[in-house]
Amino acid sequence: MSNFPVDKIRSDFPILAQQVYKRPLIYFDNAASTQKPRQVIDAIRHYYEYDNCNIHRGVHYLSVKATEAYEEVRRDVREFVNAKSTREIIFTKGATESLNLVACSFGRRYVQPGDEVITTIMEHHSNFVPWQQMCFERGAKFRVAGINAAGELDVDGLKAQVNEKTRLIALTHVSNVLGTINPIREIIAFAHAHNVPVLIDGAQGVSHLPVDVQELDCDFYCFSGHKMYAPMGIGVLYGKEALLEELPPYQMGGEMIKDVFVDHTTFNELPFKFEAGTPNVEGVMGLGAAIRYLKNIGMENIAAYEADLLKYATVKMSEIEGIRMIGTAKHKASLVSFLLGKIHPYDAGTIIDKLGIAVRTGHHCAMPLIELLQIPGTVRASFAFYNTEAEIDQLVAAILRVKKMFE
Amino acid sequence: MLISEIEEQIVSEFSAFDDWLDKYDMIVEMGKSLPLIDPQYKTDQFIISGCQSKVWLHAALKDGKVHFTADSDAIITKGIVSLLLRVLSEQSPDDIISASLGFVDRIGLKEHLSPTRSNGLTSMIKQMKLYALVFKTKMNQKN
Amino acid sequence: MSNFPVDKIRSDFPILAQQVYKRPLIYFDNAASTQKPRQVIDAIRHYYEYDNCNIHRGVHYLSVKATEAYEEVRRDVREFVNAKSTREIIFTKGATESLNLVACSFGRRYVQPGDEVITTIMEHHSNFVPWQQMCFERGAKFRVAGINAAGELDVDGLKAQVNEKTRLIALTHVSNVLGTINPIREIIAFAHAHNVPVLIDGAQGVSHLPVDVQELDCDFYCFSGHKMYAPMGIGVLYGKEALLEELPPYQMGGEMIKDVFVDHTTFNELPFKFEAGTPNVEGVMGLGAAIRYLKNIGMENIAAYEADLLKYATVKMSEIEGIRMIGTAKHKASLVSFLLGKIHPYDAGTIIDKLGIAVRTGHHCAMPLIELLQIPGTVRASFAFYNTEAEIDQLVAAILRVKKMFE
Amino acid sequence: MLISEIEEQIVSEFSAFDDWLDKYDMIVEMGKSLPLIDPQYKTDQFIISGCQSKVWLHAALKDGKVHFTADSDAIITKGIVSLLLRVLSEQSPDDIISASLGFVDRIGLKEHLSPTRSNGLTSMIKQMKLYALVFKTKMNQKN
C-alpha cells in the first residue's frame, strides 16, 4: 500500500481539490460514478479543438482522422478486456443500454414461450427489469437466484434452477450494494456444460478488477465508461462473435446499415451492426484516455490498493457500536454498505454529506434485494484508488457524529 | 396566525443558529416531537413515496380549516414535515393553495425541498395543496 | 449580412483555427456534425472539474448540484423549442435514438396488422429504416411519399396516402441531402384533420430555424445535440405529454423505474419514464451551453445569415459550367448538394479535401433518395453561421480545380 | 517481377512528384488507362461495394498465376485499383496471400486504403487475397 502513488494520482483529478460546505470534498460515491482524471478531460477538449467530426463514410481529413482514432480505441478496449476481436466490441451509451440491447435482441432471437431466463436477487435494476419485462413479453419464465446471510450468491440454488428450458443466465460480476464478487467463472463453466450462455453485468467489475473475457469465457460482458473514469454517455457491450452474429440488430440508422431499399434493408457487419446513429466519438476518445490511464497504473495494482482500503474500512467501521454491515462476502470489491442502529439512511447520509463526505443512501437501484433484506436502504461508501485511509478515518468520525445526533 | 406570520416566526427561530449542526439538532428535536399520526392512516394508501424516505400524510376538513397529520420513517424528513404542518395545518384551503413556503429556503434547508431531491417532501407539498383544492371544491359545491 | 458578427463568432470555435494539409480548414460538413464553441467545451470541462456526479436519488452536495443543473437544461430545452412542459422533453443519445424510441414504443402501442405508416423518400435512414422494420414486424404497410424534380415533397401525393388506416406520418423538417424545408405545418394540420399524429425529424431543422413545437403542433420532434453545436452523445425527443403518457417505456433501468418487485415493475412519471440508465449529464451540460450560445446570437439572425450564405453559394456555384444542383426547392436550408458533369463524387470530394475544404460525398444515409435520383451520390457543402462568403469562393475555386483535373 | 520489386518501382516513380496534385494527376491517368473489364463481369455478382465508389473485380487462374481484371465508377479508385493490379496480377496465389502492400502508404495514398475509409479498396484487397486462397486450395487439391 505504501508504494501506491496515491498523492500523485489525486493530483490528476481536479475535482478532488474541490471544497463542499467549506470542507475538502471526500468522494465515496464511486460506485455511482467515478471522477475523471485530467487526462480524460484533456482528451475531450483536444478532440473538440482539433479533430471533431462525424465519422465513417467521410472522405475528408477530419473525418478520416476521427474515424481512425475511434477505431483505435476499439482496439484498446478489445485489449483491455482481452476480447478475441474488435468485432466483439460494441460501443453503447452505457451498461444499461448494453443490457437492454442484449435483452431485446437475444430475446427476439432465442426466447420462446415456456423458456426460462435466470438472474439473481442482487442485480441492479438495469440487469433485472430488462429480463423481467422481456420474459413477460415473450411468455418466458423469469427466475431469480437467491443469496445467503453474508450476501453471497446461492450458487447451488442458481445451478439447481438451470434446466433444458434455460436460455440465458444474466448476473452481475460485482454487486453494487453488497460488494460481493460473484464466482462467475464457476457459474459460466457450469452453464456452458448445460449449453446455457451467460451474460455478465460488469458495471462494477471492470473498474476494480482485471477482466479477461476469454479466460472467463462469458458470452456477454457489459459496462459503462462513467464508472471507470471515462466520460458519461459511453459504454461497451462485449459479445462472442458467433453469438452477436446471430442476434438481430437493435436500433436502426447510421453505420449499422448496409443498403436501404423501399422494401427492405440489409445490415452492416459486426461491430457496426449494433451501432446506430452518429456515435459518441467524444465519449470514445475519453474512454480511450481512461483505459490508457488505468493501464498505466495497472489494474492489478488498483485491485491490491483498493483491497487494502476495503480491509482498513472494514476493520475501522466494525469497531463502531451498533453498525450493521450489509454484505460481508468473503470476496468483496471496495465498497461498504451499512446501517446504524435504527437510524434511517437518509438521516445518516444528510449529515455525512454536510461533513463534506459524498456517500450514497437508499436502495441503490436494487429494490428486490432491499426488499428481501427488509431494510429501508443502506448507506454506501464506495472507494476508488484515489481514496485514502485518512479519508476513511473522516468517514468513521462522521458516522460517530451521526450516532451522537440521532441516538 | 397567517401562514406568512408563522413562516417569519420560524425564520427568526432558526436565525439564532450559526452552526448548521445546531439547526439539524433542532430539526431532529422537532421530528421527534411531531404528534403521532393515527395508525389507521399509516398505510400504503396514505404514503407519499420518495426514493429515500417514506412520508404518510392525512388531511381532514374541520370548520373550514384543513387539519393535517403526518409521519415519516426518517427523522430529518419528519422534522421538516413538522415545520410544514406548523405552517399549513389549521389553515383555510385558499391560503394553503396560495402559500409559497419560501421559509424552507430562507432557513437554509432548501435542498430538502428541491424538486430534484427525491425525498418525498416535494410530493408532500403537492399532495397538501391537492387536498386543499379538493376541500375547496367540496366547500364550493355545498354553497 | 454585414452586421452579423461572424469574425467574433469564428474566434469562439477553436477548431476553425486548425490547419489541414497546411491550409486553413474550411469546414463545410456541418450537416454531418457541427463544431463546438469554446463555451460548450468549457462547460464540459467545468462540469468534470467541479460538479461531476451521478444524478437523481443522491442526497449529497455534488449529486444535488448536478441534478439541478441537469433539470435546469431541461427547462432551457423546453423554452428553446417552446414545449408546453418539461415533462415533454426527453433526453436521448441522439436523433436516431429518439426516432427508434418512438418507432418501438408507438409501434407497440398503436400499430396493428393492416395499419399504415407514411414516411417520405427523402428521409435519412434513421427516420426510414426504424419505421420500415417496425411495419414489417407488426404486419403494417410502410408507405413512402415522393418528391418533384426540384426535390420538393409531393405534398398532394402524401395527403392522398392518408386514410383511416394511417397511424402516423414521420417526415423530416429539412432534408439533409436536398436542403428542402418541408411544409410541415400544412402537413400536420392536414394529418390532424384526419386524426393522424405527425413525427418531425428535426435533426437538420433545429440548428437552422427557430422551432416552436406548439405553433407547429407536431406530436413528436427529434434532434441531436452534435448537429447544433452541442456535444456528441446527447439528443432530444419532444413529444406531446398526452401521447408520451400512452406509450410504453423503451429501455429499462435507472431513473425510469418507480418500484421493482420480483414479479412486476412500475415506472416513473414523464419525462423520466423514457430516460433509462445513468444519463449523459455532461452532454446535457454541453447542450445547455450550446442553447445559451445560440440564443445569444438569436435563431432569427442565424437563419437570416445562413440564408444569405445559401443565396451567395447558389449564385456563385450555378455559374460553374456543367454543375448540377441536386435539390432546388423554393424553401431550402443552407446546404448545397451537387454533381460535376460525369465526375464521381468520391473523386471530387477527395480533391476538394486536399485543398483544405471538408465536404461530404456519398449517399448521406439517404439511399432510397439517391436510388430514386439514379445518381452515384452527391457532393454536399453544408453551411453553418461561422462560415463566410470568402470560404464559399474558395469552394468554387476548388470545384474549378476538380473540373480541370478530371475533365 | 516480384511483388516487392514492383512496389519499389512504383515508389520510385511517385517519388518524382513533390506536389500532391501531380500525384493525383498521375493516378487519374492510370485510372483512365486501366484495361477494361470484360462487361460480363461488371455485374452485381462481382461488385465490391463501399459507400463511396463501386469496385468490380474478377479473377482467373492461368498457369499457376492469378489474372485480375477490375473497374470502378470513380477515377481515383480506378487509379489505385490499377496500381494494385500492377502489383498483384499475374502473381502466384502464395505471393498474393503474403503481400503486405506497404507501397500505398509509402507513396502517400494511405488514406485510400485505411480500413475505416469506406471506399471499397480495403474490401477489394481482402477479396483479391480470398481469390488467391481459393485458387491455392484448388491447386493443392489437384496435386
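The first chain written gets the first letter, and so on, giving A, B, C and D; residue counts start at 1 in each chain.
In this text, contacts are C-beta pairs under 8 Å (C-beta built on N, C-alpha and C of every residue); 3 or more make two chains touch, one makes a residue touch a chain.
Quick caveat: nothing in here was measured; it's all calculated off a predicted structure.
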Between B-C and C-D, name the chain pair that shares the greater number of C-beta pairs in contact.
-> C-D
So, what's the distance in Å between the C-alpha centres of chain C and chain B?
-> 45
Geometric centre distance via CA averages, chain C-chain A, whole Å | 31
Averaging only over C-alpha atoms, locate the centres of chain C and chain D and give their separation in whole Å.
-> 39
Mind checking the centre-to-centre distance between chain B and chain D? Centres are C-alpha means, answer in whole Å.
-> 78
Can you tell me which residues of chain B touch two or more of the remaining chains?
-> 51-52, 119
Shared-contact residues (touching 2 or more other chains) in chain C = 21, 57, 59, 259, 346, 349-350, 361-362
Looking at the whole structure, which two-chain pairs count as touching?
-> A-B, A-C, A-D, B-C, C-D
Touching chain B in the complex, chain C uses residues 55-57, 59, 64, 67-68, 70-71, 259
As the complex stands, chain A meets chain B at residues 21, 343-347, 349-351, 354, 361-363, 376-377, 405-406
Please give the residue numbers of chain D that touch chain C in the complex, ascending.
-> 20-21, 24-25, 28, 51-54, 73-77, 119
Give every residue of chain A touching chain C within the complex, in rising order.
-> 14-15, 18, 20-21, 25, 27, 29, 32-33, 35-36, 40-41, 44-45, 48-50, 52-54, 57-63, 93-97, 99-100, 103, 121, 124-130, 132-133, 142, 144, 224, 226, 231-234, 251-254, 257, 259-262, 264-265, 276-283, 346, 349-350, 352-353, 356-362, 365, 367-368, 371
Across the complex, what residues on chain B touch chain C?
-> 49, 51-52, 111, 114-119
